[in-house]
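Here the chain labels run A, B, C and D in written order, and each chain numbers its own residues starting at 1.
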Amino acid sequence: MITTLLAAVFQLLLVLCISPLISGIIKTLKARLQMRRGPGVLQSYRNLFKLLRKQMVMPDTASWLFDAAPVMVFATAAVVGLLIPMITAQAPLSLFGGVLAVVYLLGLGRFFLALGGLDTGSSFGGLGSSREMTISSLAEPAMMLAIFTVALSANSTNLSEVARSAIGQSWRFLAPSQMLAFAALFIVLIAETGRIPVDNPATHLELTMIHEAMILEYSGPYLALIEWGASIKQLILMTLLINTFYPFGLSTNWSGASLAIGCGTYLLKLLILSTLIVLVETANAKMRLFRVPELLAVAFVLGALALISTFLF
Amino acid sequence: MVLAALLVIPLLAAVAAFVARRRVEMEWINLVAAVLTLTFAVVLAGSTLQSGSVSAWGGLLYADALSALVVLLVSIVYAACAVYAVGYFRDDETNGVFDEDSDGVPAVDRLRKYYSLTPLFVCLMLLVPLSNNLGIMWVAIEGTTLASVFLVTFYGRPNSLEAAWKYAMIGGVGLSMGLFGTVLTYYSASLVMGTETLVGLNWSVLVTKAAQFDKTTMRLAFIFILMGYGTKAGIAPMHTWKPDVYSEAPVPVAAMLAAALLNCALYGLLRFFILTSRCLGPEFASQLLIIFGLLSMAVAVPFILVQKSFRRLLAYSSIDHGGIMVLGLAFGGPLGALGMLLHMTFHSITKPLLFFCAGNVQQHLKTDQFRQAKGGLIHAMPITGAVFLLTTLAVTGSPPFSLFQSEFTILRAAFDGHHILPAVLFVGFLVMIFAGFLIHIARLVLGEDPGTPHAQISDWKKYSLIGLGAVVVILGFWLPAPLFALVQSAARIVREVH
Amino acid sequence: MYFYQDPQFGERMITLMAAFVLVLQIAMVAQRWLVTNIRVFAAQSFLLASIAGTIAYYNHAPHIYIAAAMTFAVKVVFLPILMERLVAKIEIRQEIEPLINVPLSVLISGGLTMVGYVVAESFYHPEAGTTPATLGHNTLAVAISLFLIGFFMMINRRKALTQVLALLSLENGLFLAAISLTYGMPLIVEVGVFFDVLVATMVMGILVYRISETFDSMDVSKLRRLRG
Amino acid sequence: MNSFPAGEVFAGGLAAYALGALSGLLLQGRASLARRLGCGFALAGAILTGLASVSALTGPAVQWSITSGIPLFAYSFTLDAVSALFNLALALVAAAVSIYSVGYMRSMEKNGNLGLFSFFYNAMILSLAVVFTASNVFLFLIAWEVMALTSYALVTYDHESQESRNAGLLYLIMSHVDTGCLLLGFALLAQGAQSLDYSGLRAAASHLSAQQQGWAFFLFFLGFGIKAGVIPVHVWLPAAHPVAPSNVSALLSGILIKAGIYGMVRVFLEFLGVIPPWMGMAVIAVAVVSAILGVLYALQEHDLKRLLAYHSIENIGIILLGLGAAMMFRTSGHPQLAAVSIIACLFHTLNHAIFKSLLFLGAGAVQHSAHTRNMEELGGLIRRMPWTAFCFLIGAIAISGLPPLNGFVSEWLTYQSLLAGFGTTRSLISLMFPIAGSLLALTGALAAACFVKAFGITFLALPRSTHSEEAHESPASMIAGMSMLAALCFVLGIGASWFLPLFDGMTRQLAGAGAGPEMTLAGGFVISAGVARSGSVSTAAIAVLLLLIAFAPVSLYVWKARLRRVGPTWDCGLPGLDATNEYTATAFSKPLRMVFAALYKPRREIQKVFDVSPYFPTAIHFESEIEPTFEKRLYQPVQRLVYWVSTNMRGIQAGSIHLYLAYIFVTLVILLLFGARP
């Protein structure tokens, strides 16, 4: 009981701390790949710190939902952080919700964020919410198929179970089904975290904005909460990807050594995945909005193939 | 005594009404006669329930549960129509229907024609189930046609004349086919019982010997009987006179034709059906009846879906119901006959109400065309409109109204007899007819107020409407045990075939 | 004993007269004058009456005499006179315009006669040698053919009155069947039937009159207001 | 608990409904009294029946039978666990709606006959209660049709408007078609049966041939499907539900369409006996189609109530997913799994009853104060009617299946049972389960999108018309009714792990195996999918965690006035942001309209009005519509065919007597030639 509580607090802190770091790393790597110096790895922390101290401007059209949205985004992301195994195969609170809970909690956050975007009454908010909801709802089935593939081979939707069974059967990650599922989930990751080629986190050109348009009216601490929540969400999805498919080094007991190993391997895997993301981002140009569904359809097909191949092999 | 009284009372009423001077006298004569007839009918039902069968006049008149049931239904319809007729014709008079016609017959003579012919008509209708001798039964049925022809031409319009002519002609042919059938039955019986016996056509005698009749003759006889009495009952394809007559006759007459005469014709058919199935076994008759029953329902469908006049709509509905009853008879089994007789009972209580509503609407709007009636009737005549909708649901056999019970029973009979395809068609037709009926009537009754003045309905009409409506609603939830017992024993008479 | 007491002879006579009845029926289909039509009908009915008489004589069935008498009174005397009066009262063109032209109609009635025989043939069972059966076999065929032809005539005729006539001739077929098969119905039924025929004809007569008054023609094929 | 006189109490409830109906009938013209009495009796009836159902849900089945005056059957009732669940749902919805109606119906007093209304209102609830409780086919059918008729009367209550008249007719005709199917189906089942009691049917089910079983399945699926509104026989639903008064639409969408589900559960799981697997597959296939198409059509609706109606179709699909899975598991001999899927199916039924009626009541409140259902004219209502907005938001979250509310729990259970289904058969069929699951995910996500639109456009930002500017908060009773349902969404969601064990008796009855004890872990704090190691969730824990984590930022920022400054929304420098700058419902659903253009076949026309040059339009007229595929491709052709045939067949009655005589003549000759000889 106590250990669970401690683990929960620890993991919460871990999530809150390293999530900006990861987005910082990604930014920097990207800059380097584009022959720029880049802001430096810690820039995200500075941003958050600055924003949290600023005063914020509330649009006069907004209602209490405008306040609720950032809080919910942040809270849901943080709660999800407690449900997934990061450095220990046994996620602290994985009993309280499996992968379905993860997906739907993120959905809850998105729901409020979209409402917040609509609440301002400006065209951008609506535009952002509309596109965000469209893309996410198209991403959902692909994501589910990929996840089901994993869940079925572990025959559980409980993420700790999934991780354990993944550890249990060595070389499983070489199975074609796992490969396909990984690919599908990777595309979903791109779409959900609003990265090129789906969305451009750096843009502020009205017509191409999706996520940015939705939060256009937010400023100060609320903006910080949203950014932070977004980076947490990104971290979570990445963790989901690496720990369910490549559960190397996940510590199965609470001994300090294995925890240390767990930390190390975890950061390493995150770094690799970030590089992958950066490569994809720099190698591609942003798609037109109405090409995105095609990409997600590809993801869906990959997921379906993954499912069928679990069935065949 | 009872049997004689049942025949004599209407006869006397006819004579009395013929000599009566004033309208009020005729009305009261008719009402009293109706009430008396109804009372005696109830008495007769009671006595048949106690002692299987009653007979009088040296076996000339004979009544078992089956005939008692038909008598009861006929007299109920007569009573209802007698009450309604008073209001109906008074409203006609106030609307000045009788003034504008060419041959300046004073209104009271017109009414005398109605008030004296109706009891005669009823008397003959009562003779049909009461006569033991099938020949006399035929005479009575033919008589009903003759008595009602001039009731059809009551308004003396060209259209009613046309209707009457078709009625007389088709009826005449049909009845002569019926007579042919009767002769042949007599012949096939005479091979067993010898000729020139007076009782040679007496039901009570025939039914005992039916098994030994000459088979081939019986087949031929039943074909003729089916065609003949089928014409009278308006089974397709002999139904063609019905829409014309029902739409042209005065509403009370139409109601009696649709609700009472139908039963008499079916009663005739029923008696011969029993003989035939005893002689040949049920299959032959059943197959024929299934074909004709389904045909009647099928014919009714398109005319109900696409219809211009609500009076004709009702006619097609009673063609459809005739088909339903015939089907019930044909499906046989323990439930078939019961379903048919239940349906007959409920139908002859529901149908007059429908005609009354239609009559009120027609008298208010001076037309029976849907197009000229611009909907929203509920505003001008709330009671009639509501009852009209109610009765439409009742007559299309939707629960909780009673006709649903009989239709469901018939359906079960069909499945018990493994008549799957007929059953499916049966339900399909029922649904389509429901749809057609409801579309028309709902459009007529509901809708925004077209601004027609609030209708003045005479109390007689109102009371007959409400009273009968109450009966219809109650029957949906409670069928008096004696009545059901009567129906059951009647069904037993039909069923002893098997 | 005299030849005319021989039942064989009687049967021959009956069959012969029945055949004549049939011939008259077809003649009625063929000819085209209203009054003639009525008279042919009268003749037919007379033959029927005599058939009834003959049967009554040979089978010593007194009540058939009554039937014969009634036939004579009603169908030979009363109704024809009534109808000729009616024709005179409403002065209409004498000619009958059938819907189907005469030769074809005659052919059709021939076919219908065939039908009658085909149907009646199945009734011939010599093993049951009772007179009605053997006698029935011939006359029933005639009766059915009479019935069908009369029916066909109703369809074929335009004028209201001629339809009535057709109906009556059709009922003659019934009568023939009744007397020849079963030596007539029970008396009371006979009386009732005759009464009905009488009333029916009068009722129809009145209708015919009113129709010709209202539409100034007796052509019932024009009565097509009520449809749908 | 068992000492509780469930039967008597339930009968009392029915009596209360009957009294309500009667009072309505008697109090013609006394509008206000009729309203109060009608709602009061309905509420009383709801409370009584609800209590009885709660005790019967866990306790033993209650039976009682009254000899009826109608031949061949008796009024026999059975209040077993299944009936109890549906009655519970009915009671909850009816109670809330009745409270709501006290205020809502006041506005209806001016026009229309409230006495009649409250008669039909009570009669409909009564018939529903009887439908859920009858244990005799005859009684069931009668109640079934009474339900249809009364609801028809309520739909066409405002019969002056052409729209509601036509909608009502369509509804009544469709429901008569379904009654026809049920008639045939029950007659088929009763073929072997001695009595028309359910027990008799269960007995008779064993000796149905496979073919008969197939026919029965088809008939019942069609019949009950029409009532439940599954695609493609759904067309009446989006037509009828919006035009009815909103308290009625709440009942229709909330509980009346569940009668179809009830029938399917009864027949497929009880009467049909051992069923072949293809039936379950058929149900799942139809369910998926209904769910996806339902939500897709909902997305393109701008009429708030039509949108909700289409969501009913979607949720029926979700419910049927559970049912289909249960059928397959029973066939393949996994009673445990079957139990879980049955719970998923029936719990979602209960939940949908609650949040859907909540949403309809909210929509009713909006229409009641803003006098329009068209979302393009609404907006900014969250400031004018905060309570309504809050309740509607709760409903929206619940129906989108988002944690920690009740919708999430039942969808989660559905997922779990579908996933577990993968293991049941080692053939390609088992791929169907995860595929269905992923499509369920698509449905859920689209539903969320749709309700972002519904809530955001209706309640947020600036009012788009004077209607919504002048809108005002609804009277207390209406708010009370909505709040009750909103509270239920929370209770059933967060407390799910404590409620689910109550369904044990029901699953034993239907699946032959209870899933009760395995359903909860950690002292009833966590819901588990019953089957071992297949996942678990705890809405309660999630809710607590959310509150804990949200506490910090809330306390830090939300109420800190010095941290916040109110300023105008960024309007690209144009003078003054107003409602015309807002995103409209049409615009919101545009991306999906383009993605699914193949389904929608959208059509649009744009007219620009300009005086100087085309670059400075003074007005733009935009009009866009999607093709109602089923109406256009399926129903209209059939209707046209029927009428064409009928019109041509009317030639039969051409009016010529010669023709008529010819009919008879030909028939006679044919019969003589072919019928006479043996």
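The rule is simple: a residue touches a chain if its C-beta (ideal position, glycine included) is under 8 Å from a C-beta of that chain, and two chains touch if they have at least 3 such contacts.
Here the structure is a predicted model, which means the values were calculated and not measured.
Seen from the C-alpha centroid of chain A, the farthest chain centroid is that of C. Counting C-beta pairs in contact across C-D and across A-D shows that the higher total falls to A-D. Centres computed as Cα averages put chain A at a distance of 101 Å from chain C. Separating the CA-averaged centres of chain C and chain D is a span of 71 Å.
The distance from the centre of chain A to the centre of chain D, each centre being the mean of the chain's C-alpha atoms, comes to 35 Å. Annotation: 44 Å between the Cα-based centres of chain B and chain D.
Chain D has residues 650, 653, 657, 661, 664, 668, 672, 676-678 in contact with two or more other chains. In chain C, the residues that reach two or more other chains under the touch definition are 119, 122, 151, 154, 220, 223, 225-226, 228.
Contact between chains, using the touch rule, shows up for A-D, B-C, B-D, C-D.
For chain D in complex with chain B, the touching residues are 68-72, 138, 141-142, 144-146, 149, 156, 159-160, 162, 165, 168-169, 172-173, 176-177, 179-180, 183-184, 187-188, 190-191, 642-643, 645-647, 649-650, 652-653, 657, 659-661, 663-664, 667-668, 671-672, 675-678.
Residue ranges of chain C in contact with chain B, taken from their complex: 61, 63, 119, 122-123, 128, 130, 132-133, 136, 147, 151, 154, 160, 163, 167, 170-171, 173-174, 177-178, 181-189, 192-193, 195-196, 199-200, 203-204, 207, 210-211, 214-215, 220, 223, 225-226, 228. Chain C makes touch with chain D in their complex at residues 99, 112, 115, 118-119, 122, 144, 148, 151-152, 154-156, 220-221, 223-228. Residue ranges on chain B touching chain C, taken from their complex, read 60, 133, 135-136, 138-139, 142-143, 145-146, 149-150, 153, 158-159, 161-166, 168-169, 172-173, 176, 179-180, 182-184, 186-187, 190-191, 195-201, 216-217, 220, 243-244, 247-248, 303, 307-308, 312.
Of all the residues in chain D, the ones that touch chain C in their complex are 650, 653-658, 661-662, 664-665, 668-669, 672-673, 676-678.
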